[in-house]
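Across the two complexes that follow, subunit A remains constant while its partner is subunit B and subsequently subunit C.
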Partner chain A sequence: MNENADPAEIFRQESAELLEQLEQALLDLEQRPGDHDLIDTAFRALHTIKGSGAMFGFEQVAAFTHEFESAFDRVRKGEAAPDPELIAVALNAKDFIRSQIERPEETDAVIGVCILADLRKLFAEAQAGAPIEASAEAASEPAAKSTTWRLRFRFNKEVLVNGSNPLLLLDELRGLGDCRVAVHCESVPPLGEMEPDACYLEWDVVLTMAHPRSAIDDVFMFVVDDMELKVEAVEPGAAEAGAPTAEAATAVETAAPVPQATAAPTHPDHPAGAAETSAKRAGGMETSTIRVPAERLDEMMDRVGELVIAQARLTQLAAAGGGTKGVAEEIERLTSALRDAMMGIRMVPIGSLFGRFRRLVHDLSRDLGKEIDLTTAGEETELDKTMIERLADPLVHVIRNSADHALEDPATRVAAGKPAAGNINLVARHAGAEVLISVSDDGRGLDAQRIRAKAEENGLIAAGAALTDAELFQLIFQPGFSTAKQVSALSGRGVGLDVVKRTIEGMRGSIDIATQPGKGTEITLRLPLTLAIIEGLLVRVAEARYAIPLTAVEECVEISEADATRSKGRSFLNIRGELVPFLRLRELFDEPGEPDAHQKVVIVAAADTRVGLVVDQIIGSHQTVIKSLSKLHADVPSFSGATILGDGAVALILDVPHLIALGQVRETRIQAKTPEPA
Partner chain B sequence: MKTILAVDDSASVRHMVKITLCAAGYQVIEAGDGRDGLTQAKANAVAMIVTDLNMPNMNGLEFIREVRKLPPYRGVPIVFLTTESDDGMKQQAKAAGATGWITKPFRQEQLLAAAKKFLG
Partner chain C sequence: MPNAEESSRQVLMLGLAGEMFALDATQVREILDPIPVTRVPGAQSYVSSVLNVRGKVIPLADLRVRFGMPPASITPDTRFIVLEIELADEPTTIGIVADKVYEVTDLDTSTLQKAPPIGMRWRPEFIAAIAKWKDEFIIVPNMKQILN
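Here is the complex of A and B:
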């Protein structure tokens, strides 16, 4: 599949990575404006996108990137400082390039022109009226006495109604010589206020022509009374300084001598040079990244799954006949090695995900008017690739929530004796078979009273219900819950955190919240390492077999018939002095018939709560390849999936968090009946 | 083919407009005064109007104002014919909604240039 891959697709993949690099470099640059390596990285990324874009037929991308690159070259030459404003425009430009590549049909070229106009404006400000670049074509046209004019004009709003067509006027200008046009859309009102036949645009034009100035006046002769027009000649020398935009591959001879200061070649990295530098970069930072199409990974994962099943079958065969035991062991060893290797391929460091949030925090910080620092740790923590993708949205919600609700505005922070800039700390680490990803902030912390009040108001809990703080905090993940006094554009609509909970639980994970009033909140997402294969504990209830994720199993105990009878109706088990509620799976699954004489209890735990599951027999550990349930069964509670056993039978995988919740409910109900168990 | 409406009480001027623009590939319909012009404008889909200002029945200024009120004629270029000396008239015509003007006497090229300028 990859051999026949569409070259355009390769370009898309490559540019996605390059744009990622570009974004990182830009964001870093905001922190360290003087870092030349960063500027070079950004520049190289642009340069490569431009070159490959032209090669793979993305002319629009190449053209825009070319302009962007030319503008950015100023930064490289130290003519402009990468201040936050410039970074913001550059980030917009990066987004635009991405959308040009990924969704060209939905991408409005006008946005690009606006971005370029913004860029130029910034540079123009930086250079106190220095000219914007004239084009390569201008340079290649050795017009003896051509002059470069800079025009800025806007028409009266009724110009369109009165029969003039600005596009035709622009065409006329283009007919005069080399013409660069940028439109400004700042005055375009929101759709509701827009008059459909009014003209709200403003144009910047740089025109290099051999005609006298009067040619410009002729173009506007009929509208000159109905417009604001500014025409100024650009100094010839300055025009050259602003015209370093030779096309990538072909060197263009300029008619006029180029001033020394700008004589340095604009694009020193010819294709070979670019390859070299990118190789060096790859050697330095991303030593051994491989690009594997995700579908191929998934396919391989399926194969491994099958192999695991086959191995289970063989094991069973060996147990019956005995002769194949050695082979079975060998296959078992191989299979588990293959599984581990395969898992390894699927594992990617979470840093790639964290990288995206820097941009998010940057934008949030700007939109909310709060200074926010994002610190990260544990970027190298590896997690299954599909999980990383699924984690992106929930983490965005959590971070947004922290930025919007948890962090106070700078004045409040200072008044509370905190630094003006809020901090969001993103940490990933392994803990056993789980990965913990925590988002902590140093904001105001959760207010249990306010959450309670809100939950009561929304009918999520009964008034005065006895809930621990931990339980109260979990309510913020309920649909429709929001304590924000004002709905902001970012959060506060109660949409988001419930999605987080659903997504995380869908990945067999859970969410913990820790908070200290006035000090901050830490939201921890606990996730299994992978979604594909788990170690399971196989149990039998009546005739059916079930798998319990081994990570959730704390211990297995026997329950005597006497115990079982005595605790009937109470469903509590005394485990070393602690009362643990238990569920009889036979009852739960409506299995008829008498239970076995020696029932076993599997104690499962999640977070701090434990529940016992009463089963007929504990069969043993089992490599459980998780198969999702069909749509028909997806809503059945108590099961999170299914697996295929060695003999081909299907075993359902128990949904431990659900069962624990069920056990807790029963416990509460029973506690309500009998105030205190003896 | 784009249709241009020529409004003038002088048949010779209309004729000149007609042969010039027809030769350039436009279709030309004629009207002898503003009132006639308005009727023609309503009956045809006209891409551009060339009108005299000084006409009987309905003069050019009034004609321009009335045409502009017709929704399909918002945005249609209207060029009026005027004399060098009459700058005040120019302002009035523009205020009435005219797009541009041609100073009489005019050469064929000037008319063609105007058509090209406004119709592209």
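Here is the complex of A and C:
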């Protein structure tokens, strides 16, 4: 971990993870109120945020979290049940903590006060109300009965350096109940040998308290790895005898063979500081993770990109010269392995994103008064990290749209013979070089007639225009389109779905819609696996070279001169009986001069539509490291980016969806002019 | 952009169709001999191509087009100047073509004048200031406007 990193930033990152855990635990708790593991997870997350918040100077966060934690402790002790109302308040509290951490200056403390008031009110009601399920812990150790414990503990010498303060821990112990403390100084070395920042002391504590044993463990939660702790229950009668006096302490020492404090710590030294210790604790998951700053990954990606380019250049040289061929092949193998490994690092499972939507659906369900179940599958599907981040907003829009428009209210559903609770199913899977993410619902389905009427009303299509259903459904992604009769706070303003379309197309993806009236709708986002490197087909048009994403290429055919003349003014190609419109890239790109004698056509496809691109030469496949074009070229729609070729020249990458749309426009124009060919 | 308190600032002097231009030296990243460029079909005529500078694809702007000067072919003196400027709040690397690059020099800021609103051959918003240097008038172009 970077030692120079701003500690506050580490806290922010860490607490973001913890808050995520807390939210998941709370949402799970709503489903399984009796699950103590979940309550403990939530509690631990809160406790850690409180502790490290105070440590890194987020006093307000620590203070609020402390109050929240105290209130939540009653759930842990079984004094209150985690009912939906409580979960809702707890989720609000979690949001408040997040905003306190991320935007402290914009966060109004009054909100926190209100949330705490809500929490207290709920607990007050819970206590007045019917008896509630007692937790296992409370049942086994009745809370009312006091127990006396004898504690003996000693820290590793480095404990002070690691930021723990034994005095505060003792204070916390005192807070638990009646507490007597004795200190052992035997291990303190002569002044000359003493290290100023080492802790040589050892403590005996006799504690009488009403809390269960786990309360003691909570006190030492953060230092338990760096200390030796012995806890014994003392029989009620023996409590007096066990009072920790200096003599008793010596007696204990002789009786119990505790290692001498001067001896080397029995625990292996933890070379890292608090950050790593807590990272280890948080890493309870099966796979260990490393946090790497994103810009470092980007930089590595750039280097790999350059390597790929250098390799392409070497291959070119080798092809011309000969002798270097073996080396070139070796480097090629290495480069592609390195590239795959690098891409692998950037891949993260989409489950992290799905997790966020549980909260969204939970809130939507409450706000809309509809019962909605969210089911997910394929959480393990991996996707480039930058894509996952960019996907969050579009998916929120799609899910909102499903919840608000597609799912009927419970009464309508029951009348239609469906279960009262609507279902939204979120699935991710790999398909070839693409990732498909689909959001399906079991709602009312899209109404082609209503969409048509609305589109005509808004002037999106001409009245009576001949459109297939698929084309009609694509209209819902047009800006300003909304069929919702009522504008709700959630959706219906016609903003949202067009953002989805733009974002997805910006990632070189596309959107499919499938719907069955009365049964439901499925919206599928198709995305390329990565944004950084693609396999491309290099072509030549006049003197310029262009790259076409290979995933879009269906086939390459030769266009005979006869075909070319015959089809003049009728830009169609007969591909095995099917008419495919084609674009002459020479014309499109204003290249002067005569085309080459044997023109080739690259058939590209997106979804179900195809278009042929007429080029002078097909050069071959090319590892395409995608470089974005600057803002100065943002107005050029034909290209989605650029790449650098082996000889150092720049080749532009064709934007296939745009070219297909262009081909479609020509097709409809021609169809309007000439009777449709049979 | 010029700081009002500075009495002089470093500029790169370059020639374009017989006129002298001065570019703030802090914007200049490097000066290159001409390398092959790639035309971008459909782009605005003043940024009609892109080129590869150390693995980055950057646009190449031709000030001649913006200043209504006749196009020129590449000569042994032609240079590409790589600049880093803020466009829409984002640092952007671009290249511009110069017929000739002279030198980096200190320009006395007291000689800087606002471009007269009339009597100019060029669009006034493209010119940040007019300065005097060695008895010659030189143009300090407003790159942000030119590339807008």
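The rule we apply is simple: the second predicted complex is superposed on the first by the 518 of 678 C-alpha atoms of A that agree within 3 Å, B and C clash if a C-alpha of one lies under 4 Å from a C-alpha of the other, contacts with A are read in each partner's own complex, and residues count from 1 in each chain.
Following the convention adopted for this analysis, contacts are C-beta pairs under 8 Å (C-beta built on N, C-alpha and C of every residue); 3 or more make two chains touch, one makes a residue touch a chain.
A quick note: this is a predicted structure, and the numbers were derived from the prediction, not measured.
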Subunit B versus subunit C as contact partner of A:588, first or second or both or neither: second
Contacts of A:197 with subunit B and subunit C, given as first, second, both or neither: first
Partner chain in contact with A:642 - subunit B first, subunit C second, else both or neither: second
First, second, both or neither for A:431, with subunit B first and subunit C second: neither
Partner chain in contact with A:651 - subunit B first, subunit C second, else both or neither: second
In the superposition, subunit B vs subunit C on subunit A residues touched: C
Touching partner for A:320 - first (subunit B), second (subunit C), both, neither: neither
Which superposed partner A:165 touches (first subunit B, second subunit C, both, neither): first
Subunit B versus subunit C as contact partner of A:411, first or second or both or neither: neither
Interfacial residue positions of subunit A with respect to subunit B in the complex: 160-165, 167-168, 171-172, 197, 221-222, 225-226
Of subunit C, residues touching subunit A in the complex: 35-44, 47, 50-52, 55-59, 61, 87-88, 90, 92-94, 147
Of subunit B, residues touching subunit A in the complex: 48, 68, 74-78, 91, 94, 97-101, 117-120
Residue ranges of subunit A touching subunit C (in the complex, touch as defined): 302, 305-306, 309, 544, 588-591, 627-633, 635-639, 642-644, 648-652
